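Common to both upcoming complexes is chain A, partnered first by chain B, then by chain C.
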Partner chain A sequence: MANNLDNRSLESVNVEKPPVATGGVLGWLRENLFNTWYNALLTFLGLLLIYVSVTGAVGFIIDGLDEEFLPNYQLSIQDQNLVLDFGDIQSRFKVDEVIFTIEHSGASSPIVTTLNNSESSVVLGAFSEQIKISSISAQIKLNGNQYQLVDRVAKQKIDIQVSKPELEVYILGGNIGVEYTVDGEATALRGPSTLLNRDHQVEDFELGNMDENIVLGNVVLNYELETLYQLVESEGQLYLSVEDFQRRFNSTKIFARVDYLLDGQTGSIRENIKIIEGFSSPRLQLGTVGNLSVDHMSLGFNHWEVIPNNLTLLMVGRFPRDQLERVWFSMYLVALLLGLSAGIWPGLVRLLAGVSGAATVILAFLPFAPGVQFWIAGLALVGLGGFALGYFFQLRRLVIWGWVLSFPIIMVLLSGVSNEWPNAEDPVLSLVNTREWGGLLLTFLLAIVGIVLSFPIGILLALGRRSKYPVISVFCVLYIEIIRGVPLITILFMSRILMPLFFPGFQIEEVIRAMVGITMFSAAYMAENVRGGLQSIPSGQFEAGYAVGLKGWQSMFLIVLPQALRAVIPAIVGQFIALFKDTTLVSIIGLLDFLRIAESVANNSNWLGLWYELLAFTALVYWVFTFGMSYVSRRIETSLGVGTR
Partner chain B sequence: MAKAEKSDEGIIVCREVNKWFGDFHVLRGISVTVQKGEVIVICGPSGSGKSTFIRTINRLEEHQKGDIIVDGIELSNDLRNIDAIRSEVGMVFQQFNLFPHLTVKDNVTLAPIWVRKQRKSEAEALAMQLLERVGIPEQAEKYPGQLSGGQQQRVAIARALAMQPKIMLFDEPTSALDPEMIKEVLDVMKELAETGMTMLVVTHEMGFAREVADRIIFFDYGQLVEENTPENFFNNPEHDRTKLFLSQILH
Partner chain C sequence: MAEKSKTSIPFWRDIRKLNVLIQIVFVILVIIAGFVLVNNMQTSLDQLGKTFGFEFFQDQSSFAIPPESLEFDRTDPYWYAIVVGLVNTVKVALIGIILATILGTFMGIARLSSNWLISKIAEIYVEIIRNIPLLVQLIFWYFAVFVNLPDARFSIEFFGVFLSNRGLFLPWAFPSETFSIWAIYLGVALIIAIIAYIYRRNQLKRAERPGFPGFTAMGVFMVLAAMTWFFTGPAPLNLEFPVFGRFNFDGGIVLSTEFSALLFGLVIYTGAFISELVRAGIQAVAKGQVEAAKALGLKGSKVLQLVVLPQALRVIVPPLTSQYLNLTKNSSLAVAIGYFDVTRVANTTINQTGHGLEVIIILMACYLTLSLLISMVMNAYNRRIKLVER
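Up next is the complex of A and B:
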């Protein structure tokens, strides 16, 4: 034995693996999750919490209810009304689609009609099983008062490019009725029945005398499939002949798309689907209806389509739709500068630009409208081009000036120069009232202005507060303490109500006032953050600066301030994040920021009550950007942390 | 005493310098004259005002009474005079006071670039020369926090020298150092003294004082108790307070 041991290397003998229970995943679990009984309890509680919250959220996001969750419902006809009675409903759900069978007793009158609910559109049509409802949306273009159909896509709603915002079209069948929204109030407009030609092409149609100023909201064109039935006149009444139906089917499927939301409160909710007269279809003959039974009912938690359908609105608010390319050009400018910067400065800037670029490329593949996809793809290309330029030419000074000038350029791009230049018919940069800025665009503008301006002002206030000249320090202390003692809402109100009082005849746009208010507010907090940093720097740093001959301001800006700011990066970024989220408060003075726009969508009759979807989306967007900010701050901290004592 | 006769021509002339911290009288009529090229060691018990004294010479502390004339410029409230003096007088601190957010090289080049308006390449060449002189050229790209105490103090000396000062003030340069690092700093200071730099050194390093100093000044209670050559100071002190002090630190 001894000889054997000598011949082998000592390095490779007596080597054993650690006991299974102490190493690897199992060991980690034992050590971290189950090392004591209370830790184990905590682990199980945590898992339970995750299970409960995740299943709820996932259920909401991916939609759908199992059959067993179906509420009790009853379908009946009462006093000429088709009544879908859900009884007591405990949980929040929406009825997406109800397909029910009405047996008819062989009379000549079919059940083909358009049902309308007073609150939202309910379209009922009668179709045989084989015939699917075809819901197409069309892109229509405003040409004077004429709306011209330029494109249509099956089963999808798409944004309409008209000079007035948000015109959407559903085409369901032969006769076309138009519903449109005027300033949020639904108005029905019955269009001529000749809109559909034999080939199911929608021809140009006129909306009649329409006020130039009305805002077309959603235009819903309903049509019924003509080929299925014929109108016959009998004893002075119109009937629809459905001989084909009767020959082939004993019953007719009635397809109902129910767009309304059943609120999740307890208590009996009774939705009446009132049958009204169709556009030109015959009156529903109740006598022909036999038994009613529901074949299929699909229920859902969510209606995510509200997001893509209102995306433009959420992004830019009421910004004139024919001027949208100005928003795009602003984004192109930022993309170009970001690309250039990434080419020049490696590290964090490049990482940031890379992530934004990747996000843009992903967005370009999402099914936006083709025009939008083109713009987004261009955005990625411009960024890439900028990167190449920056990488090979290192235009440092130019890029820094570009960033400095980008903001005024973007403000001019967005607000316009003149309605007269170069000529009154087709001005290049027509004036856009800042009141029409909205959505995420407005949120960004407010946040960026607030951050970029409050940072230097805050630094000056912090320095002023430490000044040895009492006039300066007292002013700074008063400013900081007064502003910090007042809620942001009050400041915004003051900017709205008091500024016109103090400066009569001096018209400042509301957005600018909000920017001033937010900047003033944030600067006071920024000053206190910076002051905290300044206090953490030992006086020896100043002395060393003086001792090598630097002047006071040089010591401050070259030595003390860089260290002070580094020390309070977390607090400063926390302030930036708070500011970004606080921009939602501008809705209180009537500005339509991102959140307020989402709210307005949920109040739109077509998307009534879709709070969960809109709030989840806004929350996601706010989270993405605030998380981005805090990630960048952590990266800056680590990259600046080199060599700290 | 022979040197005191030439006081009017000294590079530093202090006459009856008084200073108070509130009501506390820290400097009580200090008069010292330093000749060009002299190395003066200032010692004394803590709280005796020796640090405060050398800090008045480049106006880190303001004196309230008396005159301080450095290289022919009188220290007054005139900011231009203060700036002029500060760029002529280098200072090394007990706590090094390097700029932690800048590399060693940037620490050294900061003042030449911003005060002397040197070009960056020029300042960097000088910085490398000085770092070589203090023996740490290889640390130029590191941050102060990555260096040992002795290395940091040598960077601080190089930083002060980068302004090409006529006078160097050392405020207990070795007190915050581990024993084995003291020597490397003292060696640099000795080398500096040999080149004929005018130096005022507050220190407890009596070996350094004996070897390098032209004169030793002893402070207590804000007063200049004794001013003597090293030889006489250690072997033949005039004042009883000096004898007590020496017996306590040299035992």
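Up next is the complex of A and C:
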């Protein structure tokens, strides 16, 4: 017996392992990352994933690509020839052969050039136009092995000018016409040339020798242009609004390419068709010819300067620059109200205001233009002042009214009252056309208008859906289910195309049409949210209302609805977030919202192709706001205790 | 007599009559509003010299659609263009739903992993992707990534798949001449599999045991398909790998840049939402359930199969349906990146013909039909898995 016991105790001593760390960093690692063999494997896989993505992202943000693997090359213009010089590639790679491929915007096929061992530069040929090099790649043969070097984001813009024909494309009686003038000693100008639209439908036409102008008959775009032409006329304008026309026309993005032979050199011009103002008929013109200069010559991959250079554009679009203080005043109003609310209500509101205030203070220290810095600093001060006021005085009722009235006040501030008040020379609130609203401002306006206007409609639809009258309830169900069954973009198309047809004689701005579409769409979802809230209220509440002698509508609006709405606040915040993201869709119908402005900057010839930078910035801004709002929504959810009761 | 008429309720206080009256007034109001709108539209159309009608769908479309699923030529009529667009939409939605479900399930499970790093990675993925508008992501994938991919000659290769700025080139099995014989065998195998399914189901029912007769049927089918594969002599399917020729790839199939970018964006975006549903669904199964199952002596895999999954699916499936609907509807954003889905075709048709109202009616009908189909399938599935209350 004793022997047995001894044995056992010996055994237990033998199997005891050395003590493992259970606390501290090591213990945490053991607990959370390496507790089983497959978890250890997963951890290594995760670390690999993080390594790859972080190095990729850092490399992209700082420089774009692994520079070490790129030959250092230099492009220059010599006697109207583009010369590629890659002097030190030989010293670095000891190559047998290098094949360079350069893709650029001017031609359909890439330039391929081969370098032999003895050469250090190569002439790529003559270009008679502005070219934008979109990618440079090299294939290097090194001791028989092939290596590929790809520089995908080479953003070089090279302007070369020779005596090239200037072309004008215009609309004439529903036809697209092309007119050209040639400076210098042009010997021949020949076709065939092509006109393309964004769907890459190619229309060939012959450019006769030394014809002064030609008319392109029977092009595909012909009818479309005619339709647009008529639409503009039918909206009761005396003259053709060039802006309006341009906006419609831009959505189809037409560009023309003309190939020509001039002074023994072939070349081609491909330009987006633009409209020049000041003609009685809309006139489209090919882009102007650049000067003899080399722009962005140093090879850099990322051009983050595109963001600060276009910041005002990205924020407010084409809002008149001399009226910008009105946007600032709107923001001051919101800051004041937020400060006041933070003073009155502790908890979530105060936290939200605190975080916004801190963000504002940080922004004020960023190197914006001095005036802008002053405005931002003022924003933080106004918020702080509001906080003090709200904290020390009883302003509850006033602040609630302030929030209710802030929406119409901001709308009036932004759209203006009259051009003649108090006098025509210096109006206080001159009219700002809604089509000049743009950028992040428009994005916010669309989302806020959508949620505010859809609120009452949504409540009505929800009540209608639960109505005891079958006709009304069927109507509401049909509306809600049809709207929820189709994508927002079809609703936006519908409101854009059909509203002018349904209300002839009124000139409805595109922004208003988009707002109507967004409100219609949002109302259906709002109705479902409200219905969910109504269903969560037990019928006893209704009966209690009846019992104290309230009428049906009274118990609905005074007892049931307030409780129902309180229960669906998180859902409504969630819908606001979704709507904020969905406003990007208006860029498809041609409104200049935040995303569309970013796109248009990337299409601008000065910042051509800087998609990475602009989209990264756009995504970041959307992310900050959406993430912030969803955080707030989660906090509201816990503070209301929805789902826990 | 006079006494009686006095006591009868006047109609404005008779709740039954009022009910009817209110509805009649509502109908009249709706009809008046509709009439005014239709009348206005007629006036506007007259001013523009257009008429309402669907005849133009017979006209020659004169625009080209790059081949994605069906061939389309510029001489084909408009209605066929809409059909091609609809098939393209269905194609991207169907593949997208399958891939998004797989990605979402993986990420949802990863989020619940006991491994801190893996769950954080999944969380970061969800928080980044959910909070950036889909359109921004699509434009990023298309303009900043897919269009900027290297030229076909320098394409990125992994396991026979080539990625370049011409699209995604995949290996694909093409039927050979013996395929028709094999197809007959497959038909027979399918019938046998169905019989096996019914037999197994009844057997399980009699034994009152839970199980998956579908797995048995699938196994039978696979075995028969593999056996007949060798009976047919030369292989009925030939696997072709894309090989770079003189200018482009030969062999395999190609997914266009637009399709790849759209699919990529949709799958990543919807996958983030689905992963949240999967996580919530699994978390909704009370811990006691797992412990009780273990106490009964079930193995780990059986606990997941018989206890956790059936209960989690009940929570997951209804919101999953709405995510599938969202993906289908979101595929309309293809219009921004040049994939010819039904919305883009409709938009081009409107631009060319000017018949906005008619085309929008057709477009909405297309999406409503798709939404209805998805809802029907998912609701049928939901009925099958939902709690049977006794």
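Observations, loosely collected:
Just so it is clear, the second predicted complex is superposed on the first by the 338 of 645 C-alpha atoms of A that agree within 3 Å, B and C clash if a C-alpha of one lies under 4 Å from a C-alpha of the other, contacts with A are read in each partner's own complex, and residues count from 1 in each chain.
As a convention for this text, contacts are C-beta pairs under 8 Å (C-beta built on N, C-alpha and C of every residue); 3 or more make two chains touch, one makes a residue touch a chain.
The structure displayed is predicted, hence computed values, not measured ones.
In the superposition on chain A, contact is made by A:Q563 with chain B only, not with chain C.
Once the two complexes are overlaid on the shared chain, A:F627 sits against chain C while remaining clear of chain B. By the touch criterion defined above, A:N35 reaches chain C but does not reach chain B. In the superposed model, A:V548 lies in contact with chain B only, and not with chain C. In the superposed model, C is the one of chain B and chain C that contacts more residues of chain A.
With both structures placed on the common chain, the touch criterion links A:W611 to chain C but leaves chain B unconnected.
By the touch criterion defined above, A:G540 lies against chain B but remains apart from chain C after alignment on the C-alpha atoms of chain A.
Across the interface of their complex, chain B is touched by residues 538, 540-541, 543-544, 546-551, 554, 558-559, 562-563, 566, 640, 642-645 of chain A.
Those residues of chain A that touch chain C in the complex are listed here as 32-33, 35, 39, 42-43, 46-47, 49-50, 101, 103, 110, 134-135, 137, 139, 148, 150, 152-153, 198-201, 220, 223-224, 227, 230-231, 234, 252, 468-472, 475, 482, 485-490, 493-494, 497-498, 500-504, 581-582, 584-585, 587-588, 595, 599, 602, 611-612, 615-616, 618-619, 622-623, 626-627, 630.
The touching residues of chain B, counted against chain A in their complex, run 58-60, 83, 86-87, 89-91, 93, 95, 97-101, 103, 110-111, 114-115, 142-146, 159-160, 162-163.
Note for the complex: chain C touches chain A at residues 19, 22-23, 26-27, 30, 37, 40-41, 43-45, 47-49, 62-64, 113-118, 121, 127-128, 130-137, 139-140, 143-144, 148-151, 153-154, 325, 329-330, 332-333, 335-336, 338, 343, 346-348, 350-354, 356-357, 360, 363-364, 367-368, 371-372.
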